[in-house]
Amino acid sequence: MLKVTNISKNYSGVEVLKNISFDLQVNKTLSILGKSGGGKTTLLKIIAGLLRQDSGEILFDNINISEKAPELRKVVYLYQEPLLFPHLTVRGNLEFPLKLNKTLSKDMIKRKAEEMAEELSIADQLDKHPGQLSGGQSQRVNFGRALLASPRLLLLDEPFGNLDAQTRASMQTFYKKVEEEHQITSIFVTHDLKEALIMGDRYGFLENGKIREYSSLAEMQKDSITGLQNEINFWKELEG
Amino acid sequence: MMLRNIIFLFVIILSGCNSEKQQSDKGEEISDDWSEVLKSSRGKKVTWMMWQGDPYINKYVSSYVVPNVKEKFGIDLEVVSGQGNQIVSTLIAELEAGSSSSELDMVWINGETFYQLRQIGALHGPFLEKLPNTKFIDFSNKFINKDFQQSIDGYECPWGNVQLALIYNKDMVEEPPKSLKELKTWVKDNPGQFTLSNDFTGITLLKSWMIGLSGDPELFTGEFSEEVYSKYSDKLWDYIKEIKPYLWRQGETFPANIAQMHQLFSNGELAFTMSNNDGEVDNKILQGLFPESSRAFIFNEGTIRNSHYLGIVEGSDKKEAAAVVINYLISPEAQLHKMKPSVWGDGTVLSLNELPDSLKVAFESIEERKYAPDREEIYELALEEPAPEYMIRLFEDFRQKIIEQ
Amino acid sequence: MKKKILISFFLVITVVPVLAGLIYAFLYSLGITGVISKGLTFSYWKEILYSSGFFLSLFYSLIIGAITIFISFFIAYFIYPFFINGSGKGQLIMFIPLSIPPMVWAFYHYLMFSGAGFISRLSYHLGLISNPGEFPVLVNDNFGTIVILTHVVMAFPFFTLYFIRIHNSEKIDRLTTLAKNFGASDSEVSWRVRLPIIFLKSRVLLILYLVFVAGSYEVPLLLGSQSPRMITVFTLEKMQRFDLYDKPVAYGAAFLYAIVVLIIVLFSLKRSFRTDEGRV
Amino acid sequence: MKVEFRNVSKVLIYSVIVFPIIWIFIFSLFTNWAFPSIFGFGEFNINIWERLLDSESLLLSGLLLSLIISLITAILSVSLGFATSEVIYKSRYKNTLLLSAYFPYVLSPVVLALLLQVYFVKAGLSGSLIGVIVALFMIVYPYSVLFFVGYWNENLINMKQLVRTLGGNKFSAWTKVVIPVSKPVISLCFFQCFIIAWFEFGLTNLLGVGKVKTLPVQIYMYIQEANPYYAAVASCLMIAPPLFLLFINRRWMSESIKFSPLR
């Protein structure tokens, strides 16, 4: 279980995060809705260990990981862009995290990567270079690579932000599926209300460096600040 | 914290500004026992800064002197390029930085460089009496025992003795102008074929002319006289301004150094060149650089005869090894080789009468110079070098009054 | 921590030596330090400012720089369109002159343009001249003809490559099409669209390159005139003169030259950074 | 018509560019090139080239010396410059810091050498190989920083961070991703740094006190003694390594100008 308590962060006098606290059960996804510039990325980077918080703690299964180096946290952080390594093929990208783990044999690495490619249905792309892939394919490789790092927690920073509407929808379904199969705990950050609703088990709303948590849709709907009620009213009016 | 580090560094660096002038006298002295000197200089590396503007001088040094001192004395001689002014500025920089040992051990100098190095105390000495081979040197000769009117005081060792000569191409000049007056006429009749180099050699020619114009060489002996200088340098500038429009490129520019001038001469662009070494014309024809029709001559007014010298740097920590090299350079063997027209053609500083007969014969039987004037004859026309200030002033005034006009 | 070490290191390499050198030079030129120092005096500065020819040299150097930039700019401007398309081999060839050292360029041009050089010999065989003395003075002349030529052959390929990059990044092709849709002719496009964009985008580089040329050393040393001299040659000659009292003047000249360069660089870069930030 | 003009111009430019290299090479094979012969070039004479093989040869030692100096300077400048540039790229004072990098680079190296001479002598660096390398580093390293600051971008930094979250340490982030991804740019920067050090004459000559006889110092010496034939051979030796590096880098060469602050 992830437990975040009282995280604060200042950037040259500007308070970006103010006493953020929340927790997240294993195998659940927390969808965080927030506008850009609201501190979403800062929060995720702090959890991943890429930024240091000014105060507050991060506990994972009751162990304090706040001071640990990113590579020891088993938290993978995914950016909006897939960021595939351009000097490696798809296979090389998938094998990358496996190779960092020195205990695996060569055959093992190869097999695992191929299995993952199979699952992502990109087995025929294995020897291509990242530049030759479509947006959706790249994002698949990106997920596959993250999963092969066997993270305890996956952080997604608007992962589908750059995709067209159709690909985006199919990727959302794809991700839901993968998430269940691999039993992933994740935090999913987006500014798209619909996407937040689809992806999350729990919901958060981040604004001006503060977070509000909702354990259900109904709870979120009640809080007018999220704009969920407005959205529903809009569609109702359109129907009516 | 970063800022503090930087300030700290500054303090260290600035402390560099105030510690000059602290002369380091801890450098070794040359032992009076020559066998000691030879013993302790074995395996040392000596750096010699010298003018390297002539391929054949360079060749004499690199393929004769360097291997010989290595073989005979076990000394590694490293030659670096630099004229007098560079020697002075290098050694000054070292003094100002208070460096403990000099980059240079031995220098090829004369005249104003000697004067300046003495001024700043950069030369070691007196050391001459410690060199066994100085017994052969012709110290009675006024062209050897005085360097630009300064007594050498044992602070530099004579190495070669030469006289400034003009060189002309017989195919272009039937009868060379033998006086300043004749030269003026010739230049006006043949514009664009005469010039002088803006370096040591060219200024030496100017000096000779200045003395020639005065008609009385005695005026220029002894210490520098402002009165004499201003009177006769004015005459000189008047003369040059008169011929300037008829010089090479209308006198708007002058060859930067003597090598460049030699090249212009050998290409036929100039009818005249000159040399501080009266024997150089033979050497250059032998090497195929000058046309065979080249000849050397000397003005009736006379030209300057001077010696060039070798000095040991005060800050050097290899003074003994440098002394060994210098002693070798004034050995009859090295002087003899140097004097051959096919090698360098540089005049010796040894007194032939002091030499054992066999060596004397060897010197006298050096192949004759074919194109240079007779040694005895030009000796009659030799002028003494005036004090170094004349040189320094002429350099500056030549730039201001002639080049920049 | 690593950050601080690297930035300190960076400043120690870039700022400290230059500043330390400037301070020493300044003290020297005031007679406060040095072997011949006799205490504070302004006489050297009087000489630098009034009689040493410093300003003539500085001005001459900047003029040589400006002429070089002007010529190179237009050569590059007219030829770069030839090299935009194609395999990049054409662009590659532009790197060849940049791979030849200035010293070698100077030597080569000396062999080409001196009185007995290649061009002079060619003229002889064409019957234009009958001896080397008749060949016009190009090397070591007062106009710095070959100094400029030498810098031009090194500058124009660089500018050409740079303009190709501007052309692509500023999407000049599209702007050209647009302008033509408005009815502009080819020459109007060239002078009113292409030229201003390329000039504006490259002007900081042009100024820096000008300073660079003005501070070049080996080229004027071999090919330049003795009067006036380029600033570097002037300073070095003063420094290595027989007259010891020229040394403080040389230090003062070096100091003043460095300050002028500093001001030019500060001024032009500040402006470029501002426009850069504006674009982001 | 227009196409033809274009091709003619191209051929003209090509020949202007290539001619000097060929001409100097041919010139180096002869001696005694007397007026007015043009291509006769006097005597065919490859003595100077043959003497290169001689272990005592000044030219050969100059070549090796120049290579050692330029390679060490370039390697140090590129590695330290790459590391520094990341910090500067991320720094709030980026532009101010960059200003200070431009300065030693734009200031004439020979004047810089003049200003620093006293400190170099004091530190015992004058006249030594290390001294020349230190001095060159002071020009080349800021250049390398300027070059790489123009190259760093958010994607590269994010990629570096990604490696960390995928389980790699700082070291593997550099060796497995940042450096391989930046290989072309590093290679180009190396080329440029090498060239700056390779070309430098005034600074080397002054701070090397004539003792550090790199090829440019030798060329100058040969020109001074009116010995163009040696100068020509030395020139050939000076042109070859940059052309070789150019050939190796040819694929990404034209991209390089993007990062080049100057030159």
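We call the chains A, B, C and D, going by the order they appear; numbering starts again at 1 in every chain.
Going forward, a residue touches a chain if its C-beta (ideal position, glycine included) is under 8 Å from a C-beta of that chain, and two chains touch if they have at least 3 such contacts.
A quick note: this is a predicted structure, and the numbers were derived from the prediction, not measured.
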item	value
Shortest walk length in steps over touching chains, chain A through to chain C	2
Central chain of the complex, centres being mean CA coordinates	D
From chain C, the most remote chain by mean C-alpha position	A
Interchain centroid distance [CA atoms averaged], chain B/chain D, Å	37
Distance between the centres, which are taken as Cα means, of chain D and chain C, whole angstrom	17
Chain A and chain B: spacing of chain centres that average the CA atoms, whole Å	81
Interface hub residues of chain B, defined as touching at least two other chains	13, 16, 86, 96, 263, 267-268
Touching two or more other chains - residue numbers and ranges from chain D	35, 118-119
Chain C residues counted as touching two or more neighbouring chains	7, 11, 15, 20, 24, 116, 132, 239
Arrangement of touching chains [line / ring / star / complete / other]	other
Touching chain combinations (by label order)	A-D, B-C, B-D, C-D
Chain B residues within the chain C interface of the complex	1-2, 5-6, 9-10, 13-14, 16-18, 20-21, 84-86, 88-89, 92, 95-96, 112-113, 116, 119-120, 192-193, 198, 248-249, 252-254, 256, 263-264, 267-269, 391-392, 395-396, 399, 403-404
Contact set on chain D toward chain A in their complex	92, 155, 158-159, 161-162, 164-169, 172, 176-177, 180-181, 183
Complex contact set, residues of chain B against chain D	13, 16, 47, 49, 52-55, 58, 62, 78, 80-82, 86, 90, 93-94, 96-100, 103-104, 257, 259-260, 262-263, 266-268, 288
Touching residues on chain C, where the partner in the complex is chain B	4, 7-8, 11-12, 15-16, 19-20, 23-24, 27, 33-35, 53, 115-116, 131-133, 137, 140-142, 225-228, 239-244, 247
Chain A to chain D touching residues, read off their complex	12, 45, 48-50, 69-71, 73-79, 81, 83, 85-87, 96-97, 100-101, 145-146, 149, 151
